[in-house]
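Both complexes shown next keep chain A, but they swap its partner, so chain B is in the first and chain C is in the second.
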Partner chain A sequence: MLELQTQRQLVNLLVKLICLTVSACTTLLLLAIAAFMVAESLPVWSALGPLKIIAGTDWSPLAAPPRLGIGTMILSTLWVALGAVLLSAPLGFAGAIFLAEFAPPWLAGIIRPVLNILTGIPSVVYGFVGAAVLIKFFEVSFNMASGESLFCASLILTVMVLPYIVTNSESALRSVPREYRQAALALGVSKQYLTLRVLLPLAKKGLTGALVLAFGRAAGETMAVLMLAGNTMLLPTSWFSKGEPLSALIALELGTSVVGSAHYQALFAAGLVLLILVICINLFLTLLKRG
Partner chain B sequence: MLRRCLDLLWLVLFWTAGLFILFVLAGIMGYLVLRGGPVLSWEFLTTAPRGLPLGAEGGVFPAIKGTFYLVLIAVFSAVLPGIITAVYLVEYAAPSRFRDIINLTVQCMAGIPSIVTGLFAYALFVVRMGFGISLLAGGLALGIMIFPVIVVTSRDALLAVNEQYRLVGASLGVSRWYMLVRVIFPQGLPAVISGVLLAAGYAAGATAPVMVTAAVISAGSSGSLFEPVMALPYHLYILFSQQISIERAYGTALLLVLLLLILNAVTLWLRSLKGKGA
Partner chain C sequence: MAVCINNLNVWLGSAQILKDINLQFKKQRITAIVGPSGCGKTTLLRSINRTAELEEGFRCSGKILLNGKNIYQSRDVSGIRRKMGLVLQTPVALPLSIKENVIFGARYCRGKNKQELDEINERCLKQAGLWEEVKNKLNKPAAELSGGQKQRLSIARVLAVEPEVLLLDEPCSSLDPASTKVIEELLIQLSRQLTVVLVTHNLFQAQRVAHDTIFMMEGTVVERGPTGVMFSNPQKQETRAFFSGLIW
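Right after this comes the complex of A and B.
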């Protein structure tokens, strides 16, 4: 009996140990990704200086000496992602309010799975449909030589991040304590007033979180912006100019860069910038949830 | 009166936003079916690309095979560590700093842009380990990408198992391991499987990591680990961006979306099974 007891304890301990080890490896994997980005790009950071890379606007990796400013791409990334959040925020919030407060249950029961499907559609399909339809539309209706622009990329990203905003905002609205609703309704205000003046301010934190998350998604997206943003190295001067976001730069040039060259290292520098952006966003979200 | 008009206006706005979501999906699906439907045929699914430029005629069979192998490797490499991590988070880790760190890590990993994962896999698998542009490198890249998804869905699935079972188990003096294997896991299994299926769908549609680690314009996709493959999403990108054949591109896009819809349907069905299994 005693033997069985110890044997069982041993199994339990072993399982716990295995679980612990594997989970610890998760953290190591994230660290490894970060470490690789740093290690592979370190030579260019120290050779050119961080300022020259981040703020530089001249990208000619094959010139001698190579000029490796990724400022243009950083600006494109920010512009595209901010634009997408700007466009999808009103739509997403309104959709979330509809789902949380106004939608009849049967309709909400249809919209929720639809949101799931929308998040699942591959980004290359969004990019393809956007490129085939939107760009044609811009070319024909505005008589442009080529319709790609940061604005087009933002439009498609709007559709792509909309489900994230709706789902997260809805759960933020739902987490407002019941008492507030009852108190407001007891005062005889309309449901619209309740939502706009009571629920929205109370759910502010969750709503901000939804927007920040959407920004992160939009900034890291590759295929849609690759197919829609136009891919030129010029500094974008307006929403309607072309640009090449960081992710598109990496996807387009990694295959042709010589391993170990300054070009190759600069692409990892671009990856590092993207990674830092995303990790900052996640740390911010965690702090938001806590504080 | 003004108040009432305003209220009505808001109501209309909210309804519009809600219906817009339905309209987006219906629009995309409808358009893809309209343009891609005529292309889909038995021949399209089962033959290799032909014609000049390659892909202008023929089908996408090697791309289907390639995507299948890639997803298989990704799921195989990510499923076990993913579920073990989830079990640790739910069953073993007491609320502690370490658990918080792992939760944060998983959240950060889920946010990593897929192209950065691709970049990492390129540096590690393709260059350092010398796999070259290959099925194995792409599959592992996708594995890293879907790992956090599997952790999160499995974690939530296990958390959703009724707390009563745990209490009863503990009061009967049953060991944690026994509880996990005989009670909690069978209860949570349908949700865990549906999470894995969703992750598989995510991997099947991912283009950026595959584009830099595994995919080429034309390959036999024989399933050999160290050879490059074709992949459906990359094939779609190439068909469109090289202007090879817009019709075939619509067909490929429709195929990808149909695949996703099927996975979603299976997932919904599995979720409805929840609780009957034990």
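Right after this comes the complex of A and C.
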């Protein structure tokens, strides 16, 4: 009897230990990645200074001395991602309102799984479709020499982040307590009036959260953006300029850079900037959720 | 007779919530509905207000007449909802200012005439006995009010769409005794102009304010009559048991 109990205690202890290790590992993993990126990029940070790298707009890593400004890419990333959020926000909110408040159950039952499938499509497929259809469209209808632009990348990103916005906004709307609906509808007001004046203000936090999450996704996306943004090193002056976002820069150049060179380290610096950007967004999201 | 209910049956999905209800609510009187939890009191009120039909699987048969007209044959559902004002159990402050809360429904059905809305706001807050407490902070968010104030705000919001009948679903269940007293006095005042139906768990409250009392159990009306008679001399075994605290 006693033996059985100690055995049980031992098993309990073991399970606890395993759980602790696993959960600690996930946290450590993030720290390890960050530490690795810092360590790899530290030489260029200290050699050139953060300001020169982040605000610099001249990227010639093979020149002597190498010029490693990634400001152009940071601007491209922000432009592409903010553009995508700008385009997808109205569509996504409208879709979420429709799903949460107006869609008949059978229709919502079709739309929701479709949205889930959309999130699972590999980004290279989106990029491929964009390159084959969107870019052709711009080239043919606007008589452009090449159709790639930040706008194209934003458009494809819009499609990619739309499901996230719809799903998250819908759950934000749904989490508004029933009493508010009941109290408002009992006064004989329409659902539109209820949604605009009561539900949207109450779901404000969740809706903002959906946008922030979408921005994070869009900023980190690589493949589709790489195929559509045009990848020139010029500072983008409009939404329709070409540009090379951070993620595309790393993906394109890491393979050809010499390990340990300033070029290699600068790419890690670019990765670190992207990582910090995304972590900041996530922290902001967490703070938002806590109120 | 303001409201007349004939052979009302209500189902939610396959469960029958109300069984063959026959009731009258008289003008300028307070009728209390008492009964154990889950006996269909709330569903009855929401059926009269025509918001019960928003639930999935709602079905009903029978008639609810307002001044002789069957409300379930009316096309103007929002008109019916306005005439049958419903105050919910939980005090709800919409995420708007105090004033916008009061004129929430009125703004929707009456339009945007600012002066008219201001008048409605002041009249209804006074009627609900809240004016003196909030007149200096009408544009503050309503969420800052206390529970009792929020419940009076809910009543003011319903009054603003000029109902003929005021339905209240346990309006004091989350309030302290002082706020309860204020609301009870308010109901007595309002009953001079309106038909008031009050669902309550508090038998003393029914005794204090109601002219008539209805006892419901398991979706049926067991007994009804003038409050004094009901409490002093109930006819049915179930009523006696409930009033003496044997069934809850």
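FYI, the second predicted complex is superposed on the first by the 291 of 291 C-alpha atoms of A that agree within 3 Å, B and C clash if a C-alpha of one lies under 4 Å from a C-alpha of the other, contacts with A are read in each partner's own complex, and residues count from 1 in each chain.
Here, a contact is a pair of C-beta atoms (placed from the backbone, for glycine too) under 8 Å apart; a residue touches a chain by one contact, two chains touch by 3 or more.
Predicted, not measured: the structure shown is a model, and the values here were computed from it.
With the C-alpha superposition on chain A as described, chain C and chain B fit side by side in the combined arrangement. By the touch criterion defined above, A:Glu148 reaches neither chain B nor chain C. Look at A:Gly120: by the touch rule set out above, it reaches chain B but stays clear of chain C. Touch criterion met: A:Gln182 reaches chain C, while chain B stays clear of it.
In the superposed model, B is the one of chain B and chain C that contacts more residues of chain A.
Of the two partner chains placed by the overlay, chain B and chain C both lie in contact with A:Ser190.
In the overlay built on the shared chain, the residue A:Glu170 is in contact with neither chain B nor chain C.
The least CA distance from chain B to chain C in the superposed model is 9 Å. Across the superposed pair, chain B and chain C both touch chain A at residues 190, 193.
Considering their complex, residues 179-180, 182-190, 193, 197-198, 201-202 of chain A touch chain C.
Here chain A touches chain B in the complex through residues 8-9, 11-12, 15-16, 18-20, 22-27, 29-30, 32-33, 36-37, 40, 91-92, 94-95, 97-99, 101-103, 107, 110-111, 113-118, 120-125, 127-129, 131-133, 159, 162-163, 166, 190, 192-193, 196, 213, 216-217, 219-223, 227, 247, 250-251, 254-255, 259, 267-268, 271, 274-275, 278-279, 281-283, 285-286, going by the rule given at the top. Chain contact summary for the complex, chain B toward chain A: residues 3, 6-7, 10-11, 13-18, 20-22, 24-25, 28, 31-32, 81, 84-85, 87-89, 91-93, 101-102, 104-109, 111-120, 122-124, 127, 144, 147, 151, 175-177, 180, 198, 201-202, 204-208, 211-212, 233-234, 236-237, 240-241, 246, 249-250, 253, 256-257, 260-261, 263-264, 268.
Chain C meets chain A in the complex at residues 49, 51, 54, 77-82, 85-86, 88, 90, 92, 94-96, 104-105, 108-109, 154, 157-158, 161.
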